[in-house]
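Both complexes below contain chain A, partnered by chain B and then by chain C.
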Partner chain A sequence: MNELHRRYFYTAAVFISLLLAWEYATGNGYLKPYRFPAPSQIAKAFVELSNVGFPRDLTIWIHVQTTVGRIAQGYVAAILLAIPLGYVIGRVPVLEKLTNPLIVFGRSIATLSLLPLVIVWFGTGELTKVILIAYGCFWTMISNVIAGVKYVDKDLINAARVFGVKGIGLYWTVILPAALPRIFAGARMALGVGFMVIVGAEMIGTIEGLGALIMEARTFYRSEVTIVGMLIIGVIGFLISSGLGRLEKYLVPWDTGLDEVRR
Partner chain B sequence: MSERISFSDIYWGLIGTLAVIVFWEFAARGGFIDASIFPSPSLAIESAAQKLNGADVIQHIGWSMYRVLVGFLLGAIAGIIVGIAAGWYKFASFLSLPLIELFRPIPPLAWIPLAIIWFGLGEQSKFFIIFLGAFFPVVTATYRGVISVDPLLLRAAQTFGLKGAGLLLRVAIPGAAPDLATGIRIGWGLSFGVLVAAELIAADRGLGYMIMHARLLGNVDVIVVGILLIGALNLITDGIIVWMIRKWIGRWHGV
Partner chain C sequence: MSDSATNTETAYIDFRNIGKQFGFGDEAFVVLEGINLSITKNEFVSIVGRSGCGKTTLLNIAGGLVAPSSGETIVAGHPVNGPGQGQGFVFQQHALFPWLTAAGNIEFGCRSSNLTKPQKKDLVKQLLDLVGLSRVADNYPRELSGGMQQRIAIARALAMDPEILVMDEPFGALDELTRIELQDELLRIWEVQKKTVMFVTHSINEALVLSDRIIVLAPHPLGVHMDLKITMPRPRDRTDPEFNALYKKIWVGLSS
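Right after this comes the complex of A and B.
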């Protein structure tokens, strides 16, 4: 066995033994099934969720669709707003200085603390959730766009000037590509923020969406349903985030050395 | 021209901030936006001051800070220990990395229902959720910091006869300090966000509760003041953490 195989082997061994111990402990009453539902119960809950749904007729796929739809709307809105704005702010030093404290403060405001205010303004409907996601994503995104554009290597710009690139061409062919890795890093962080916000926002005033699902299930003492919901939230987050990573590799093949910044 | 250059960053920042506040104030007072649902800052503070009792507000702040401090400290300490162990000992990494990778994509807030099932509605469930908010950023940053310590440093130290725990404590951990510091800062920010959400959803005191309760009473002014207060607290505490980190790692890394 080489190193990698051994790694997989240990990982699998850890998981399987944990699952078996868990199953055994709940089966024998060491753990209360309501608090720690056994893996077999969780699997059953998953089947129930995908066929019957919880609450009835709201299957897990509907919850997923709702949540992903909300995130997508807020996320796209935030990105469309943050990229051009951040680009301009990052290129104009005076603007950057003027807006810096505002951006720091905007980012410091916990997104979910806006929930009561946004509910007063827009009610408890879809718009509220989308706005909260957009708010959270926006600040993460804009600070990364500004940093990306601002810290473009001066040598790159000077070299391009020497070759006669100027005006729009400079922005399009030099600054934007150089800033893209940072922008992508921002896009990934923002997605994490969006996920966090939606789960919290869905716990209040709705029955549709994964956040609502896990909270509803708790009220009905169905902790196994809660756990299924949590796992699915994790899986979706993981899939979207690695999807963005792939997209980035494809779109930004010149990306180097930003791996430390990215999460 | 010379006057413009002598303007320091702080002045520009102040001007920008003031411009926004004045604009907001003007729009609310001039009736362009409905002041009853979007009060100007001065009006909000003025009327919130009448509705809020100073001692109560301080109590809410106290509870919030207490929760976030306890949860964050537990999470950061656990994260540092697990991160170092996983980065230093191969066996520990086999055990902990897969579990961390499994749980990391689940946002801390998604644990709220389970936390309530496990720990009830009291303080423990909040500590647990804030713990998670701090744990994952700290553990991943610490782990990455430890494994990416310059091997040359390690070998040099080995040549001088350091090994085992001494090597870990005197070379690897100081080497990982910048990553660790980043993790701690991210963890603090996340803990703060998580705290507010936990207090909105299930609490009977704390700043998050204060603004959620104000919504039920229709006190928009209190909500606005509460939001600004939470933001300011986050900003101030983050500043303190940055300052402490600089003092701590300044002697190894020139920051």
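Right after this comes the complex of A and C.
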């Protein structure tokens, strides 16, 4: 057993002991099952969710699909909007000064506090949910794009000019690659925001989606279903984030995973 | 003044009555005023002076990165009106592109040349060899030591086969030992690839080790305060009495 295996082993051991203690505590009445449903109940709920569904016929896979679809739409819309806008704002000092208060303001408004307004504007359909997700992701993304583009080392730009790069060429040859690590960091943070607002965004006008599932379960005191919903959101977030991490290593090899590059 | 006419004829870099001020009106801040300076081909010229005396501004004017407020600069027979006209530049912080490997950075240096792709590859190989860093060709700048980064930066500047080489305190950020090592290295490279060099430094010692000529710029009054030819043979002994006498002379010049 090498060092890495040993670490995994200890982590697993701690995790399993906690689960066992939890199971024991609920079984013997130390913890109320509707507050802290036992791991075995959660597992059962997962099986029920994947076969029968909750509410009936809406299996966990349908919830996952719906939620991922909504996040993807809102997230991609936010990124497609934030990258070009942030790029221009970051390179034009006047624009940056003018928009800065607006961006700080927009970023500070909790996305969910917009829910009532967005419902008034766009109703309770799909668009409302996608817009809320997009709103949350957008501010995080645009602040990072602006910062990435704005703080490009002046020496790098001068170095490129010395070698005959000028005008528009600078944007493509120097500023974009120099800002890329920061843009990627923004993309990862924005994804996290997308997952954070999903429960709120799915609170109204739908019974489909992981957020809706969690809210429905609350109404019926099905805490174990809530926990399944939480866990699945966590797992999806983790998977997508590590996927982005891989993409980042491929596209920005100079800034990440230098050990792998060195091999 | 009598020999300035003959100087101009042999001048390879020629600063003609250069002035530079930042800001306007009451806010104006004059950095350079009435600078006349001629540098001959293949001369290694160091510029020393206190912070704020305009050394870097003068370099940036030669490199075309900054436009003078008055006067004009001639490099290799044509007036400078922007960067990328044959001025190789080495910056204080290496300014290598972090997303390109060592070889990629050097290749960036010859992007505007007329060489074919294989010729460029050959040139990159040659230059890596010249600076003794073939083994790190595929490493990113972040993986290199400060000394290596600056050597790659020199190779990158040479890749454009520049008319002049402009160096702005290139070894200022290095530790003492690496610094001495790179000074010797630069002289070795300069012997192989003779270039006209303008070298800004804070270190009198460094200027004395490297240069054919040392220019001392002074802020009060603005302008060239001293212009010394250094004829000691290279490699120079840093403990030689003549070396020390010159050191003293420049030190006094700087302090007055």
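A few notes on this one:
We adopt the following convention: the second predicted complex is superposed on the first by the 249 of 263 C-alpha atoms of A that agree within 3 Å, B and C clash if a C-alpha of one lies under 4 Å from a C-alpha of the other, contacts with A are read in each partner's own complex, and residues count from 1 in each chain.
Here is the rule we go by: contacts are C-beta pairs under 8 Å (C-beta built on N, C-alpha and C of every residue); 3 or more make two chains touch, one makes a residue touch a chain.
None of these values were measured; they are calculated from a predicted model.
By the touch criterion defined above, A:W172 reaches neither chain B nor chain C. Contacts of A:F220 after superposition: neither chain B nor chain C is touched. In the overlay built on the shared chain, the residue A:Y151 is in contact with neither chain B nor chain C.
When the shared chain is aligned, chain C comes close enough to touch A:R161, but chain B does not. When the two structures are aligned on the shared chain, A:V94 is found in touch with chain B, with no touch to chain C. Set against each other, chain B and chain C differ in how many residues of chain A they touch, and the higher count belongs to B.
When both complexes are overlaid on chain A, the residue A:W61 reaches neither chain B nor chain C. With the contact threshold set out at the top, not one residue of chain A is in contact with chain B in one structure and with chain C in the other. Chain C contributes residues 63-65, 82-84, 87-89, 91, 93, 95-100, 108-109, 111-112, 139-143, 157, 160 to its touches with chain A in the complex. Within the complex formed with chain A, the residues of chain B that make contact are 9, 12-17, 19-20, 37-38, 94-95, 97-99, 102-103, 105-114, 116-118, 140, 144, 179, 190, 192-193, 195-197, 200-201, 207-208, 211-212, 214-215, 218, 220, 223-224, 226-228, 230-232, 234-235, 238. Of all the residues in chain A, the ones that touch chain C in their complex are 153, 155-156, 158-166, 174, 177-178, 180, 252-255, 258, 261-262. Taken in their complex, chain A has these residues touching chain B: 7, 10-11, 14-15, 34-35, 94, 97-102, 104-105, 108-117, 119-121, 192, 195-196, 199-200, 203-204, 210-211, 214-215, 217-218, 223, 226-227, 229-231, 233-235, 237-238, 241, 260, 263.
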